[in-house]
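A, B, C, D and E label the chains in the order they appear, each numbered from 1.
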Amino acid sequence: MPPVIRLLAKRLGTSLIVLVGVSMLIFTIARVIPGDPARIALGPSASPEQVQALRDRLHLDESLPVQYGYFLRDLSRGDLGVSLYTNRPVTTDIAQFLPATLELIVVAGLMMILIGLPLGVIAARYRGSWADHAVRVFTLLGVSAPSFVWAVILMLIFAFYLPLFPIAGRIADSYAIPSVTGFLMVDTLLAGNLRAFANAAWHIVLPAFALALSGIGQAARLTRSNMVETYDRPFIEMAQSYGFPERRIANRYAFRPSLIPSLTIIGLDFAAMLGNAFLVEAVFAWPGLSRYGVAVILRKDLNAIVGTVLIISAMFLIVNIVVDLLIAFINPRIRYSQRAS
Amino acid sequence: MRRSLFILLRNPLSLTGVILITLVVVSAVFADFIAPFPEHAGAVVDFANFNKAPEWPYLFGTDLVGRDLFSRILYAYRISLVLGIVVLAIAVPIGVTIGLVAGYLGGWTEYVLMRITDVFLSIPPLVLAMSMMGLLEPTLTNGMLAVTAMWWPWYTRLVYNLTRAEKEEGYVLAAEVIGASKPHIIFREILPNCVPSIVTKMTLDLGFVILIASSLSFLGLGVQPPTPDLGSMVADGAKYLPDSWWLTVFPGLAILVAVFGFNLLGDALRDILGVDQ
Amino acid sequence: ALAPAFAETVLRLDEVAVGELDPGKASDYADSILMFNIYDTLVIPVQGGPGYAPHLAESWEADGSDFVFKLRSDVKFHSGNPLTAEDVVFSFDRMKALGQGLSYLFKNVDAAEAVDGQTVRFKLSQPYSPFIASLVRLPIVDKKLVMENLGEGEGEMKDWGQAFLSGNAASTGAYKVVSHNPQEETVMAKNPDYFLGVPDAAPDTVRLRYGLEAATVRTLIAQGEHDISSQWLPPEVLKSLAADGAQILKESGGGAFYIKMNTTKPPLDDVNCRMALSKAYDYAAGVKMVAVTDDVAQGSASTGAIPVGMFGSNPASETLSRDLEAAKQYLADCKYAPEDFNLEISWIGEVPLEERYALLMQANFAELGIKSEIKKLPWALFTEQVTKPENTPNISQVFVNAVTGDPDTLLYAMYHSTAAGTWQSPEYLDDEAVDAALDKGRTETSDEGREAAYSALNDRLMEIAPSIYAYDRQSLFAASNRFKAPALSDPDKAFGLDGFGFTFRLMEMTGE
Amino acid sequence: MTHLLSLRNVSKVFSLGTREVRAVDDVSLDVEEGECLAIVGESGSGKSTIANMILGIYPPSMGSISWRGDILPERRELRHRRAIQLVQQNPLSSLNPRRSVGASLRLALDVHGIGDRPHRRDRVGRLLEEVGLPADFISRSPAALSGGQRQRVAIARALACESDLVVLDEPTSALDVLVQARVLKLLAELRQKRNLTYVFITHDLSVVRNIADRVAVFEKGRLLELSPTEIIFADPQHPYTRRLIGAVPVVTGEEVALRDRLMENENAGA
Amino acid sequence: MTATTLRIADLRLGFRTWAGMAEVLHGISLHIDKGERVALVGESGSGKSVTARIILGLLQQLRSARISGTLEFEGTDLDRLPDAERHRLRGTKMSMIFQDPTSSLNPVYRIGTQFHEVLKRAEPGITEAESRAKAVARLADVAIPDPERALESYSFQLSGGMNQRVMIAMALANEPSLLIADEPGTALDVTVQAQTLKLMRDLVEEHHTSVLFISHNLGVVREFADRVYVIYKGRIVEQATAEGLFADPRHPYTRALLSAVPRITGGGIPEIEDVSEDYFQPLVVHEGCGEPGEARP
């Protein structure tokens, strides 16, 4: 499928340009944040010589473009520098904290798709009915409170008052699961420990749902409005005039073309989760990237800030490319067209 | 006008939205008269009445230094609304102009402007705002700046897409044929046709700005005490769950009510203005 | 599975993020807990009394300003390497070279040298009476192991093993590190070969978790999923837990809550202004804010600059109290008028309790007609800002305690003019009388002499009011009833050093 | 003698990614002052592309366009913009839905500084009357007009510039027959009255028969034949032209006869 | 006597809108005999498409629509039929062709898939292979050169003319007794339109399918239909055989309509009013063209 390959190549190229832009922006921001990173890192008792030594090591006294040059040089070797906060390579830190965050986001993303899309389909099919209104209220509520408010409310109800779910952590202490992928739900399965898997799944339900709620709302609302629009297209009237079953029309004929515009936004929502995960993780003591992210920003840990933002943005761009490919897969017009729009 | 009323009244949810927003706006504007303890919006400590569950005269209970939560929530609405309006007042003109120019002119201008927009879009909003807040002192003004910085690209994107569609419309061709100037075509011909979508998005966004501002203050980057702020109230109160539940639940509900109301209103506006998508 | 009687016992506790495992960098409470259990020091505080007892050192002798220590010969590191004088010298050199954490305690020590395999000599540049006490902050590192694991860096010692020691221990302690994640938790297990032996009743495994939310801890303890809270729980949460039947553990390690005034910037460069503020502050309300029950609180009324029980402190009965009239008089003598004030009251974002004190002050000072604004600062930024007097807020709040248990480590770093510009000394105090008293305190060797020196210091500090002495601090911990910790519940078994009560080998697991 | 407008070897190539589309292929034709030249052809034959080049929306890829003997530059001067006007196919989109009829008409006056300010409003009113609409339509929004009325407004806008040449791109194909008839009538009258020149683009040959002086037949971007209307319909040279005429749905017997005659020729020719 | 495939009597339709009730059909009656091709002509908005949608039962689902009148299909009153029965008629006994063939085919499914779906309406158990064979035959009927390839394609990969043929093949695939064609092919070029109309005409003749042919183009109607109803603003104003109508238009509206069509033979553009009081004159029925069961003039 050459058009798809071309699309992929073009998107990768654009993403790379954007990523360079992101790195410049965040690099600059990180460096103009007030405060001397070396002083913060070394603490109050370090001598001025020690602070200066660290500044030299970080090239802090060079001009910004020169610093950026050093950064690029290191980056080309896959080196994001050492975190001043944990004294470990930023890549190591991110590799350690990212899987937990990703696991949370993936589960939330699945919830968003598996709950949000069907709700949207139902609302569109029965538009104007009580089911439509009910879905609307539910989805609007979902998007009307930040995920941390939902996190707190869900926690209060389902962990404090009705202790149905655990209130913190990824898995009970009693399970020792060797870390292979960092994704606990995968690692437990790799270890063949089904009870541990169930336990991990049980831990992830509340945080993921809190994180997913606004995405569910967005996805459902979008699917509904796109589908309502699709319902006005001639091919739906044609399907109806041929008496295709309503359910089939909803689930296939109207849904699939509607999914195409929805997917782009769902991709963006997915990306928004990367940010919101920061808040949910804080509430559920989820050992992900968030605490690290907040801590490094507060401590002006240059390398870690740039590294974290860069990784998150790269993931965002990857998600968007995946979404584009998915759209290309669903939309034959892109798959077969000679021009990549 | 009659049509608008018909659409509003036909849908009980839209009506609910109008009512909720009216309530929120009224409480924000008339907080001085409605709040039972207006002075509690500031630095007041009353250790005789601290951490009290809801009871008369403290409708929503009191916080840890004895201030009436209900009064503070009313004043917090005021801040949230001002913040939302100011952020949009700055972000929308910037985003809209860039979107219009990129969409209409095309070519290199479009490529450069849209890639810059992509850069801002591909940093998750919260992360971007956090970095910005790290850069600036955590004051209300800077909070607004940070939120603005993350907000404009969304308008650019919206208006850019609209413009590209509008550009194909016959009236743009007609204006070009007549010889109208580019600024005229962009701002007088195309822009008015984007206004309904922009206004609708603004209504929805007023809610979201409140959300984002709350999220920022949840992370400790927003409005500073003693100024009441819904997000920080939720964040600070969360430490005292489940015992002092009112500290979190009422500010949380307050956010919910306002944003829910703006969403309903935005939906209604979308119907009335006939905006698609 | 094993029968319950033989089941492994686990103790779970939490602290604020982040746990620092490197002995050269460890400084805060969480780090102290790690150090006191994983590493050993030459001396340790005496349980249930003042003074220091031999530990890795069998004995020592003072020789003018030199100290010579004889090491025990039966101590082995976790690696199996025997403890030698070389290790002690290495640990000291490393601490000095890194210059971080608590290394400032050893400013007056010029060098350490191995006299022979089991003898170490410390050379001090001047007489320094708190030196022995400082040694509880010099964890002894396994030199051989570290040298085998040097990371990248310049010079002979490369990175001094920083990369290695940030995730691993090279130590002799009663507990070994099983896993360490500075954000999440450190898991420790009993060291069966500990040179003093570890009692069976002590927990087999200890999980120290970092950065749990107060609400989480509160529920985990209630649900039997957690054992000891951090000392940073807000009083309301402690109250709820106590009401649920949790035991409340306490530790008073000679610390206090200080409200510090920047003496270099107007208007607080005028002593009368400072006096006015310290008279206007509502001490009673401040103490009430941290009350958990009628007789247990996170603090007790302060009597002056030095916490009750230390050299130079005033009697417990002479508590400070608010005097608005006096405050007004001082204000009248102040060269600035109230309307010139716009005080920046900062509080540390990580310690939400301080927000309430900021509000209390704002309200208190407003009664004098003084305007103020509240500013939240993250800890890292605060420590950086105080390095320059012009960036330092007018008012900052800090909890300070004597890191070695000696008043010198509490007061010198706060008030000596040479120590200005750290988080402990945002006053930038420069007062000859204070400096003299502090210097005397650390060179005097007799208890009487020190008492006199610090008493004078206390009086002078009350006179020039660089700080508001808000309350004497007492750390409270809510805990499950699955264990006993005599060092944290029985005053006769307590240590005079903050954090030492968390010596796990002295705890007893009692089952559910 | 100079032509009003002439196209010399004009081509237009669009590039779509890697592919190129030759929308107009080496076309030369002249438009004489006062005539109505029809351009017919099937969808995609390049009719609108020609129109857009005449209007200066985009320049030709090759060849040149001249106005009264002068070659038109890529960036048109205002006077050229004023001289050549356009009426589009879709009356729904050719008027800005967010501006009143009056505002749309005034734009032309304002841009070209026609008439002094205070009198422009009256001028707009007169224009409306000229196209058979009441003057109080000035404040109406396009949404409140029928298709035929909108098309009249679009015509009025073209007239506002007092231009010499009006390009009409399928001006009636979206209208009902009755409305179409009236609009065509109006166009014919205006041409008379104002001595306008039309380039009339359409695919409807029965309209062409009744309004055009000359007809240019296009296929796939190429000009197949260009003859006076009478001749085209009496004796189309090109089989494609015959096919076009043969496909026109007709309503009277005479028409059927004409069609059948042409089709016979076609079959004979083949 | 020939059987009547469809009979509509006194059909009325109104929509509830924000401005109150909007009456769209004011009691129209029409019928189509078996194998007959009947045209409904009128200007835009006169109510042609809504009539078609009511026949298929599509408008009935709309809550804002108010419908009254009688609908009889092959002798049964459709309103008495249970919903499921009525639904079963669609795509089997009745089918429809739309104006714009390309946008009437689903852009994300292959033609073959959609064809299969259509065939399943009549024969629910039909396998992929069977339906494929059948579809190929049907597409061959409408002169599609490479039916196999067409089935593998998406609608946007085929030309408008091809799509139109596919639509015709689909519409006739289940041998319906009634085909409704709503302005078929007006979105296409004249030459293509002429070809497909001829093709369609041949096919329905062969299958004796009744056709309701909706158009605003009198020329097309003349070539296709046996009988014509002229509709003006929701009222039938004239009904006649095609020949009769074009030879002798009697209603003022019909006359205006006819004279407004530009002639390919020339003759200029006549002076015509778009709206006139005369257009509201009562129904004119040509001899022998009355509704069954009504007194014929």
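By our rule, contacts are C-beta pairs under 8 Å (C-beta built on N, C-alpha and C of every residue); 3 or more make two chains touch, one makes a residue touch a chain.
As the structure is a computational prediction, the values presented were derived from the model and not from experiment.
Asker: Quick check on the contact graph: shortest path length from chain B to chain C, in steps?
Answerer: The fewest steps needed to get from chain B to chain C is 1.
Asker: Provide the labels of all chains in contact with chain A and in contact with chain D.
Answerer: B, E
Asker: Skim through the chains and flag the pair connected by the most C-beta pairs in contact.
Answerer: Highest contact count belongs to chains A-B.
Asker: With chain centres defined as C-alpha means, what is the inter-centre distance between chain A and chain E in Å?
Answerer: Once rounded, the distance between the two centres reads 51 Å.
Asker: Quick one: chain A and chain B, Cα centre-to-centre, how many Å?
Answerer: A distance of 22 Å separates the two centres.
Asker: Using mean CA coordinates as chain centres, what's the chain D-chain E distance in Å?
Answerer: One centre to the other, that is 33 Å.
Asker: For chain A, write out the residues touching at least two other chains, lowest number first.
Answerer: Within chain A, the residues that touch at least two other chains are 34, 155, 160, 282-283, 298, 300.
Asker: Mark out which residues of chain C touch at least two other chains, giving numbers and ranges.
Answerer: Within chain C, the residues that touch at least two other chains are 213, 215, 219, 349, 378.
Asker: Quick one: in the complex, what on chain D touches chain E?
Answerer: Against chain E, the touching part of chain D is residues 42-43, 147-148, 176-182, 184-185, 188, 203-207, 209-211, 233, 243-252, 254-255, 258-259.
Asker: Within the complex, which stretch of chain B touches chain D?
Answerer: 169-171, 173-181, 184, 188-189, 192-193, 195
Asker: Flag every residue of chain B that touches chain A in the complex, lowest number first.
Answerer: 13, 115-116, 118-127, 130-132, 134-135, 207, 211-212, 214-215, 218-219, 231, 234-235, 238, 241-242, 245, 248-249, 252, 255-256, 259-260, 263-264, 267, 276-277
Asker: Which residues of chain D touch chain B in the complex?
Answerer: By the definition above, chain D touches chain B via 55, 57, 76, 78, 81-82, 84-86, 88-90, 93-99, 104, 107-108, 111-112, 154, 157, 161.
Asker: If we count contacts the way the header does, which residues on chain A are in touch with chain C in the complex?
Answerer: Residues of chain A touching chain C: 34-36, 39-40, 42-47, 50, 85-88, 96-97, 155, 159-160, 163, 167-168, 173, 282-285, 287, 291-292, 295, 298-300.
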